[in-house]
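I'd like to ask you about the structure that follows.
Read from first to last, the chains carry the letters A, B, C and D; within each, the first residue is number 1.
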């Protein structure tokens, strides 16, 4: 019956994936992608793949959110700059 | 094509794909089944070469050539980012105003930075024994350096991160992997063959032949690559402004 | 299924369920709080799983999450400062609950492991986890005077 | 329960892939589209690791257990997945760099507006 924890992790991944697609604002999506990364790490652990879980935690918890948020910031600054040409 | 037609097309194609995927899922070997021919052979081969972490053995010994391909993709992606995010002629650098960070956050960052750096190096160094390895540890070590940006500001990060050094480190570690591969050829066997060094004692740091060396090269490569990548993004997001300056 | 895995299943189901709901709906501030809580609750779950599978090697996962989880939240705090500045989210109830779960799990595991290197590692994870999440939560609620939000 | 469990992980992988593809096709913001692509990528990880799982198995890492004392899961798929996660993150970074460049040159990250710009 160790299947129960596998089912919990699978459902969390499916839910996070749905939410990540449904939220159209990139900043909010980045937050959900961070949680998706954590859920995937849990799934990999219960599938007995700690190496893969470490990889996912290293990438998903800080690196991907940082990359997406920096891009969001650059694009927003750019459009603010283009609209009222101050700064 | 208007959005409505496109949505119908997506639904049609997606529906067809979904049907095929479900049909394929029902014919796959059942989840959790006992039949893993490749896995069993990989475990036997790894134990024969005294590598405790079978996954590291697959990555850096049995499929080391494949990992070289992955490394090339990584190198190419970083090169692409560096070219795309360089400072264009119509842009200028505008050093951001120093940012005041709350004292507890600064203290936290300064305490956690060395801990995270050491953890990253530990994960790389024990790659052939316990879960971990160059890919994971490299990302952790590179992320650790960027605590400087969170704990202080961008200028402080730039002081501890001479970017040219990391670019050179990236190239050096990529070539170190190739050199280790060719060393196998010179020693009379095949490219990236794990026959150079003695296999050592099982479950010791120096076990596994060339696995720890290739692992270290990948760790350095990944760490340098991530630092260079994040540097380009931070430059764009924080420093580089449009317009050619005054 | 042993008791450790059962406990981990409960912690993960409750933790991931509530944080997924929190991060997918509502105002931006609440979403960042939920992201912070997701790492605070998943980390004890990973520790329980490591004990349940009786593999000490799996503890490295919890160590990495305890280190990098709060860092991820601080990234959002820093780069979303403008949006969060007007209406800083306050969520001390859930934060203390998560910190309590983390403390209890680490204490129980320490008692089971007994003194030694493994216990030191567990204590380091516990300190990083609870300290990091309380700090991230406080930074999030704008609880630090004299912070200029750029 | 067991019959469902035999295919559930594969079905979840297929679902995650399709959801990501739907988001990719209907996205109105290139940064959001890159995030959807990351979702599609994670579907492949779920599928690969589900194929390699063995009931009652444990990780093929022998630093804290004796070799042969417990059945182990397939290490080959794990090795494939773990390299791809890190390399996939750098490819995501390359796509984000392209998006930043598009925003600079065309002033928008909406694919529909970009199509109109081209004529």
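Following the convention adopted for this analysis, a contact is a pair of C-beta atoms (placed from the backbone, for glycine too) under 8 Å apart; a residue touches a chain by one contact, two chains touch by 3 or more.
Model, not experiment: these values are computed from the prediction.
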Contact-richer chain pair (by C-beta pairs counted) among A-B and C-D: A-B
Approximate Å spacing (C-alpha centroids) for the pair subunit B, subunit D: 16
Length of the line joining the C-alpha centres of subunit C and subunit D, rounded to whole Å: 24
Centre-to-centre distance between subunit D and subunit A (centres being mean Cα positions), rounded to whole Å: 11
Subunit A: positions in contact with at least two other chains: 2, 22, 30, 48, 50-51, 53-55, 58-59, 62-63, 66-67, 70-74, 78
Where subunit D touches two or more other chains, by residue: 5, 8-9, 22, 50, 52-53, 58-59, 61, 63-64, 72-73, 78-79, 82, 85-86, 89, 93, 96, 100, 104
Residues of subunit C touching at least two other chains: 53, 55, 57-58, 60-61, 64, 68, 71, 75
Chain-level touch network, classified as line, ring, star, complete or other: complete
Parts of subunit C lying in touch with subunit D, wherever the complex brings them together: 53, 55-58
Contacting residues of subunit D [partner subunit C, same complex]: 58-59, 61, 63-65
Subunit B-facing residues of subunit D, complex: 5-11, 14, 17-18, 21-22, 25-26, 50-55, 59-64, 67, 71-79, 82-87, 89-91, 93-94, 96-98, 100-101, 104, 112
Of subunit C, residues touching subunit B in the complex: 57-58, 60-61, 63-64, 67-68, 70-71, 74-75, 78, 128, 131-132, 135, 138-139, 144-148, 150
Touch list for subunit D against partner subunit A, complex: 1, 5, 8-9, 12, 15-16, 19-20, 22-23, 27-29, 31-32, 34-36, 38-39, 42-43, 45-46, 49-50, 52-53, 56-59, 61, 72-73, 78-79, 81-82, 85-86, 88-89, 92-93, 96, 99-100, 103-104, 107-109
